[in-house]
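Both of the next two complexes hold chain A, though its partner changes from chain B to chain C.
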Partner chain A sequence: MSGVITWLGEWFFWPPFFQLVIAPGLVAALVIVIFILWFERKAAARVQMRVGPYNVSPRLGGALQLIADLVRYSFQEFIVPFTVDRAAFITAPLLLLLASMLPMAVIPVSPVLPYSYTWPNIMKYNLLLALALTTLSPIFTVAAGWASNNKFSLIGAARESFMVTAYELIFVLALLSTAAPVHSYDFVKIVEAQSTWKLMALLNPPAFLAAFIATLLSTSGFPFEIPESEHEVVAGPFTEYSGLVYGVEMGAAYIKRYAMSVLMALAFFSGWKPLDPQPGAGVWSGYVAPLVVVLIKATIIMAVISFLRAVYGRYRLDQALHLAWKILLPLALLGYAIGLVYGYLGVL
Partner chain B sequence: MPAVPSRRRVPSYGFLSAIKGNLEALTVGLKYFLNPNRSTLHYPREYIKLRPGYRGYIVLNKAKCIMCESCARICPAAAMKMVRFQAPDPKRPGKMKLYKYPVINYQRCIFCGLCVDVCPTEALRHVPAHDVVYMNLAEMELGLEAFQQEPRSPAEEEGGIPVRYIFDPEKGLVKVRVSEGGGEQ
Partner chain C sequence: MASGELKLSGWEVGEVRRLPGMDVKKIGRDLYEIFIGPQHPGSGHMRIIVRLDGDVMVEVDPDLGYVHRTMEKLAEGRSYIKVIPLMERMAILDACNITLPYVEAVEKLLDLEPPERAKYLRVLLCEINRIASHLYGMGIFGVFLGHSTMYMWPFGDREVFVELAERLTGARLTHTYAVPGGVRRDVPDGFTDDLRKAIRYMRKRLEDYRKIFLDNPVIRARLEDVGVIPRNLAIELGIVGPNLRASGVEYDVRLIEPYEVYDELDFEIPVFEEGDALARTWVRVEEIRQSLRILEQVADKLDKMPREGVMHDKFWAKAPKLYKDVYAREGRVKLMPLFATLRVPKGKAFARAEAGRGEIVYYVESEGGMTPYRVRVVSPSFRNAIVFKYIAPGHRLMDLPAIYGSIDYFPPEADR
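Then we have the complex of A and B:
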């Protein structure tokens, strides 16, 4: 009997499956994204003297409203217009969701893997792999807008492609500046170099600020909700979509925000750090507990990002590009220089 | 003299003042996030306790009416009409008399209150209620009997909490609960 449980556990915790599908991948991402959507609406309502979702479940503060919305999206008809490029129109949102999720597969959430699994040798470069995978998803947003064959979608796709030029370099530079002090591209080394209060975000604030604002830029969080700004271009690249696929597209931006938040929690907020799992620890204390700590930190970062929706208006495209190229890029370079100095002096 | 077109200058901010403005905006948002001042009225569970002088629904006191038709004449929306009917005259036994009383059509009424103002005997009065529900349009044309009954607010009948909005010099518009006597808490 125990042999069966061990066999099931080994199968369940096999990292390529567990990390991509259960946590920090699909299942955990859906739960956290639903919580964050609820929090975003409630936070904006509190600031704007409203109540927000309430009547669906008054005792839970309207938390089930998001489930109700999900059910509604699921049962809506998915309309494919005659004028669209059919194959690209249908596959782009699904690939967008998958590409947003992919960085989850390569990041370590604990220094030890369960059941004596080991990462392949290439995973010493997991920071580079995760960064490379975060840059995959915008092409599918552009493809969805292009395939829709609609002027709002085209404008939204063009805006998205402008935004890609703005944030990608900044995010990559900002995260690389955490790799320089520890002389390694391994998240495990980066997290182990920090401690509970000796955070990379406090040691290197320019890099953290640049990464944070780059996350806002890349996931169309306020004040940079430019590609799908509702007042100007209906829903941007997602104008022609309906039903569950529209929900998938809208969720994909949040899942990308979640993935980038996990990366920031690891690189700047010392990952699993209050815990210190040693090699040989069990599955729960050595793998699941650090994972939960990382997810809590990522959720807090996402909540701060969501809170900004209540405060800010929207920048124009040229203002966002101005901010990115003239302020954030020097800031990210400054952060990288600080990281190089730390690495040269051997501070961490 | 033709209007002189002037070029509006786009306000530009320095780097530090932009940072200061962002921090101020975040502070204001955080202040409201931690200490929200919600002004939403949860309607069926709460209702606004109206003050006595409120121009709400209109009720006829038939005993006071002297059939002068002033209300029907002054009504700007022609919502008020007189109904006429023959009935035995109490002063002259065996004779019939022409009675006429006002009735109201709430499809047309604009709640201006002119009929109440013009009534010489105060036979018409306002009731502090404005959220009466009608199931169809025909119900909104009140007959003589319905016009004499005082309409009740459904939220009040179902035990909603009476609230009132008052102006607080520090917090702005604030929702307060009204006690039984009409005082604000």
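Then we have the complex of A and C:
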């Protein structure tokens, strides 16, 4: 009997499956995104003298509203207009969701792996792998806009591509500046070099600020909600979409935000610290508990991003690009220089 | 072009007659034409035809008329009192301002002057309407810029003034309060105290608006030097209201041709020189402040006045005894039956007022019957619509909502 449970456990906690499908991948992402959406609406409502979601589950403060919305979306008709490029129109949103999730598969959430599983050798470069995978998803947003064959979608897609070119370099540079001090592209080393209060975000604020704003830029967070800006381009690249697929596309932006928040939680906020799992620890204390700490930190970062919606309007496209190229890029370079100095002096 | 030249003589066999306006218009080689509206989250009841060169608008055509309801024609078949609720539909949130000149024009034809208290009550509702209208405009403006808090706050605070209007008139929006000869009813008990409370509250809130919206770096970046209407262009285009005053022209009907009791009240006309979207927003905020000042004075005045005489004596004398009893007891009165058969002497009259969005002009012509022969309206939004064509080109597409919102353009008011 115990052999069966161990076998099931080994199968369930097999990192390539567990990380992509359970946590921090699909299931955890959905739960956290739904919580964040609820939090975003509740927080904005609080600022705006409203109640926010309430009626669906009054005792939980309307927490099930998002589930109800999801159910409604999934029963709506998915309309494929005659004028679209059918294959790309249908596959782009699904690939977008998948690509947004992919970085999860290569992020170490604990130094200890369950059941004596070991990462393949290439996982020494997991920071680079994760960064490379985060840059995959925008192409599908652009593809969705192009396939829609709608003027507003096209403008939205063009805006998205402008934003992509602007933020990607900043985000990559900002995260690389955390790799320089530890002479490694391994998140485990980066996290181990930090401690509960010796955070990379405090040691290298320019890099953190650049990464944070790049996350806003990439996931249409306020004040950069530009590709989907409702009052010029309706829903941007997603104008022609309906039903569950529209929900998936809207969710994909949040999942990407979540993925980038997890990366930031590891690189700048000392990941699973204050926990310090030792080799040989069990599955729960050595693997799941550090994972939960990382997810909590990522959720807090997301909550901060969500709160900005209540405070800011949106920048104009050219202003956002100006900010990205002329202010954030030098800031990210400065952060990288600081990282190099730390690495040279061996501070960490 | 030679074969397609327009011939006014009519159809000729074998020749396709070209109709102006039905032609396919050739646009430049690298231009991109988008139709914003009438079913678009950022258009309102209108269509804006935008031609883009990259991200820059080169041509902007406001296409009006989607909510044209033939109000002027409808008015010719209705008795004088029924024209008021009809015309209110132009801007239901500005109902008293928008119909006041009509009532004044009819009064000019009837040759009667409403009693003093009625005039103060009209000003009271006009200013409540003006505040509510500006708050509505600012809320829409906020959401145009993606600022959801600035959408919710003014809409929530507007509720205060809508509520006051409801207590005063019985209706939240379409009040039909000013009628020829006076107003429909007097203020209820305790109204002026609540009004003062609302004034205090609103002053505090204007400060909050400044903090979160007008001085917000993102919003300032979006509004400063966007949609600048230079002073001479503003005069040339004939735009009115807060938009004109934001361009440095001190023109307000309350100032140049005071109606009702505006000449007895102490207030200022805020004027800004910049003429950009930010100045237009500031004008509205300052106007709300001045309206609060007017309301304060009106509240004091109403408290001091004896609570009687909201209708001209000539009409009041014809009221049934029951009406007078109820009025003495509750301070309010039903619409008097004489309005159903009101005959207005032959003549032509003209009146104007400063509505929330600018100067509104009425021309009323009577043949001596129970319905007007002609009612002509020139509404402020109609005069402001031209701004799109001249101001928006040269800006980026994302500036269009900023310009639209800052003009506070209201299609139902323009289309009539």
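The rule is short, and it goes like this: the second predicted complex is superposed on the first by the 348 of 348 C-alpha atoms of A that agree within 3 Å, B and C clash if a C-alpha of one lies under 4 Å from a C-alpha of the other, contacts with A are read in each partner's own complex, and residues count from 1 in each chain.
One rule holds for everything that comes next: a contact is a pair of C-beta atoms (placed from the backbone, for glycine too) under 8 Å apart; a residue touches a chain by one contact, two chains touch by 3 or more.
All figures in this text were calculated on a predicted structure; none of them were measured in a lab.
Superposition of the two complexes onto chain A shows a clash between chain B and chain C.
Contacts of A:46 after superposition: chain B is touched, whereas chain C is not reached. Contacts of A:312 after superposition on the shared chain: both chain B and chain C are touched.
Among chain B and chain C, the chain that touches a larger number of residues in chain A is C. Once chain A of one complex is fitted onto chain A of the other, the partner contacts of A:198 are absent, as it touches neither chain B nor chain C. When the two structures are aligned on the shared chain, A:72 is found in touch with neither chain B nor chain C. Legend: residue contacts after superposition of the two complexes on their common chain; A:155 is shown touching chain C, with no touch to chain B.
Once the two complexes are laid over each other on the shared chain, residue contacts for A:229 go to chain C alone; chain B is not touched.
Aligning on the C-alpha atoms of chain A brings chain B into conflict with chain C at a single listed stretch, 3-11, out of 3-11, 39-47 or 93-101.
The intersection of chain A residues touching chain B with those touching chain C, taken from the two complexes, comprises 47-50, 310-312. Listing the residues of chain A that touch chain B in their complex gives 43, 45-51, 54, 307, 310-312, 327. Chain contact summary for the complex, chain A toward chain C: residues 44, 47-50, 151-152, 155, 222-223, 225-226, 229-232, 234, 309-319. Considering their complex, residues 15, 25-26, 28-29, 32-33, 36-40, 42 of chain B touch chain A. Against chain A, in their complex, chain C makes its touches with residues 32, 34, 36, 40-42, 55, 142-153, 156, 212, 216, 218-219, 221-222, 396-401.
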